[in-house]
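Quick heads-up: structures coming right below.
In what comes next, chain A is part of two complexes: it sits with chain B in the first one and with chain C in the second one.
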Partner chain A sequence: MVWNGCWRVALCFDNDMASASKIITRSLAFSYDKKTLFESIDLELPEHCIAAVTGPSGAGKSTFLTVFNRLWQEFGGGNVSGTVLLRFADGLVDIYREHLPASELRRRVGMVFQKPNPLPMSIHKNVAFPLRLAGHRKRGEMDHLVEKALRKAHLFEEVKDRLRADARALSGGQQQRLCIARALMLEPEILLLDEPTSSLDARSCGKIEELLDDLKQSCTVLMVSHYQDQVRRVADLVFEMTDQTLIRSA
Partner chain B sequence: MSREDLLQKTILLCATVGSGTLVVGIFLLMLHLGWPLLISGQFFSLLLQEWRPADNLYGIYPMLLGSTVISLLALLIGLPISLGTAFATTVVAPPWLRSASLALIRYMAGIPTVVYGFVAVFFLVPFMREQITGGSGLNILSAALVLAILIAPTMVIFFVNGLSGVAKTYSLAVDALGGTPVQKLLYLLLPQAWPALTAGTVMGLGRAMGDTLISLMVAGNSIAVPGAVTDSARTLTAHIALVIAADFAGMEFMSIFSCGIVLYLFTVLFVSVIRLTSKTRND
Partner chain C sequence: MIRFAERFVVFFSLACTALLFFCIAVVTVYVLWRGLDAFSISLIFGGVDPLDALLGRRPVFDGLFPAIVGTLLLVVSAIVVAAPVGIATGIYLADYASPRWRVTLSALFDVLAGLPSIVIGLAGFTITIYLHRLFPGRIGPCLLISALSLGFLVLPYVIRSTQLALESLPATLRLTAPALGARHWQNIYRVLLPASTSGILGGIILAIGRAAEDTAVILLTGVVASAGLPRSLLEQYEALPFFIYYISSQYTTTQELEMGFAAAFLLLVLCGSLFLLAYGLERLLARRFVFR
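And now, the complex of A and B:
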């Protein structure tokens, strides 16, 4: 066990202790071009919590998030070592050792980016898109599921009359809630949020924070945030990325 | 505006107007030279007649058919190859292979046409003759195969530009939602890059239609109306090249202006298609 002045989550291979955890990392390290971005991260996050990661920009917080859906693999380069275990409904999965296709992993671990990124299609199609990717074909059911996801993201009332309009015409805050709705469409067990409010105004920001509290009921949320006050308001567990590792803040 | 600015603007404007006028000028010149054909109404009958100089028939129907079939067949073979290459290069291949294959494709685009023709005459034509079609081996299929390779780099470059022009944020969104590379191609890249894909395809078709040397060297230049892809054929361009040495005043020579006008109109048609598709997408 390593102590850094702050409390660090204990590295523990005892399965009893890990039994309630949703996300577990052991000696997690990430390097890019032989340069270590972070290392020795031992983390255990319980189910239905919001865990926030703060820290200076460029510390690797966003990359840290992409470790959990293996999205960093799309950028070329980079190397992960250590173990990442995610507890899905059907058991604990080592996402780097077991031959889990990236597409399947990403359907279970949703992600929302810093800048809202609706696809160039209608609101309805954006929200339905993940289901279409997953091979869902029933059209009648789709409308109902789209409405459900939009309601979960507190957006339905604002867009119900223009579901066929281009999603890019929405305001920034609406676009971000649309992206959250889209990420919720496949009912992910884990949701990764990369500074979801940093490009939004205070009002939109407030709406998303409200929403986060609801999301906790259905998923485990791991988020990166710049704003200390936001983190204090919404997060159950707070970590700081500093000196190339993750330490728990008081 | 300073004098220097004015000078620069004038030079650029002259260049633009100059090249534009040249294109129109070429058409007017061809129209002028082919005018006797047009006013006598022979132009349209030439399009449907066969080429039998002995019977005083100078129709370009066999060449029109030859050009159309060879270029469409070349496109049919070249398009899937080019699309696949472009997709592999932009999405699937590891970074080192991407730059290597792109460099190779750009290089391919610069190889002189005669080299392709030369290689075809020595390798493809004998193979065709002995293994597949029999006959001389100089036929529509041989020419279309070579043309397919000839037009592929042009198409690939257009396609790669189009596919890699699709915003990275969209691409990342599809990745994060669990899209496979093929799904990304079908649901995001193809619809988004549509104008570039159309432009590339039409450019490829235009290049196949306009190429002279390959059909001259490989298609066999028969003046008969082709009945199958294993038949020998002559294209409009090859016909111009072959007949240009004829008596300037003769009807035989006049007929090549109709070829020229037809080729020009095809180009206008192709360019209009590109303009129209990119316009409707933008609207």
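And now, the complex of A and C:
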């Protein structure tokens, strides 16, 4: 990994203008096999907003999202430079400089993928999965938390009678809301959504858009979307990835 | 011309499959037919009452019962040895090894899979002699050494099937748990391994078949024509494949040869039962993973 920034920059952000920003990047660049995917990205996102990134396919939008939970590190290869600061409840964290374990970071920065990816388990087990990973075992409490997360994702009423059924039997839209419920289980402060509606029909798509507006109350949402009209409907801030960098759209 | 070639390929593939199926059917039906002909309760238990034999109250001398028990013990202990080591090595190759190590070790295990069993038998035999010198009178050719050698023989099947099962999981499944905060081993233990159960069990089923039929390894490491039920892992034992080999090379009457066919039939039934057991285990594990 190559590092260009210096940690004093981070401190100065903390003291000065970054008091309300949830996500801050400075000179962020990403390259893969010596090919630059994007560079010089300076971004500041306030809390409780929905920021959308649009742009042509293959421009590196999805990779851009994985920079914020370091998921790109799972693929092997790749190189990040610059600074990424996330403001969590306990302060501003430089996610590449401070020795924050990836698992810890990903519990605070949730992610939902383009294609719904329920695990081959029951609905209940899927939603409870992140908490189980974190070591929670109390059954009664778990049921309550699962219900809460499913309600947040507007799914509970539809599945309350079949929580022990295979999650893969749900419809595409329900599966995607299940994945959102699962990502919300750990109450993340930041949620990354990678084209969350692109594999869904118009009705399911509408339900997820409704849900996004609610999500804003509890977290900051950074999403990638192909659909201009969707972005216009739901996003507070819109960026476009073009010419290997990110520019603010009107 | 191209259409003709395409039709020819389809026809040729179908013909080969049909031929193979026909051969398997002929061999199986022939063994079943000849074996069933000679099959009787006394073939298994000799003159001893089956209940007495099963409870170990009276030894069976002129039946196949000790050979059945010997084969069963042999297969189970070989798998108990090979499965954990093989699965762990498969996990290492698929999830931890660097690309260079992965290629080198995979090639090595493929070579190991192609090793003639007589070579492994010879290695087991050499180790037995060495151990016999080290602990005179206590360790000789026995069930344990045969099981370890057989375990070594079937290890590559378990390793490669585990590795392949893990490597062929879709990238989306691989990334799901890490994105939810799973550590690497948590992802392997809670998602990747359960999702590869059927692939891994495929390798274990192959290993069961290989361990049950192998004669060369046990011939050199502990099997004998007449030993009765083994009382411990450090004793000599009887086994069905060795009985089949022995009787078909030494038979003097047609009846004795028929006994060989009956033993082959029993070996088929035994393997079939073990396969069913493995399959049942897979279903059980899959259900547990999905619904518990």
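Note that the second predicted complex is superposed on the first by the 235 of 250 C-alpha atoms of A that agree within 3 Å, B and C clash if a C-alpha of one lies under 4 Å from a C-alpha of the other, contacts with A are read in each partner's own complex, and residues count from 1 in each chain.
Convention: contacts are C-beta pairs under 8 Å (C-beta built on N, C-alpha and C of every residue); 3 or more make two chains touch, one makes a residue touch a chain.
Note that this is a predicted model, so its numbers are computed, not measured.
Q: Looking at the overlay on chain A, is there a clash between chain B and chain C, or do the two fit?
A: With chain A as the common anchor, chain B and chain C collide in the superposed model.
Q: A:A20 contacts which: chain B (first), chain C (second), both, neither?
A: Neither: A:A20 stays clear of chain B and chain C.
Q: So, A:K115: does it touch chain B (first), chain C (second), both, or neither?
A: both
Q: Applying the document's definition of touch, where does A:R164 land relative to chain B and chain C: first, second, both, or neither?
A: Second partner only.
Q: Go through chain A and flag every residue that touches chain B in one model and chain C in the other.
A: Correct list for chain A: 69, 71, 74, 102-104, 106-107, 110-111, 113, 115, 117, 119-120, 129-130, 132-134, 182-183, 186.
Q: State the interface residues of chain A toward chain C in the complex, per the touch definition above.
A: 69, 71, 74, 101-104, 106-107, 110-111, 113, 115, 117, 119-122, 125, 129-130, 132-134, 164, 166, 182-183, 186
Q: Could you list, by residue number, the parts of chain B that touch chain A in their complex?
A: So the residues of chain B in touch with chain A come to 94-95, 169-170, 172-180, 183, 187-188, 192.
Q: Mind listing the chain A positions that touch chain B in their complex?
A: 69, 71, 74, 76, 102-107, 110-111, 113, 115, 117-120, 129-130, 132-134, 179, 182-183, 186
Q: Of all residues in chain C, which touch chain A in the complex?
A: Within the complex, chain C contacts chain A at residues 172-183, 186, 190-191, 194-195, 289-292.
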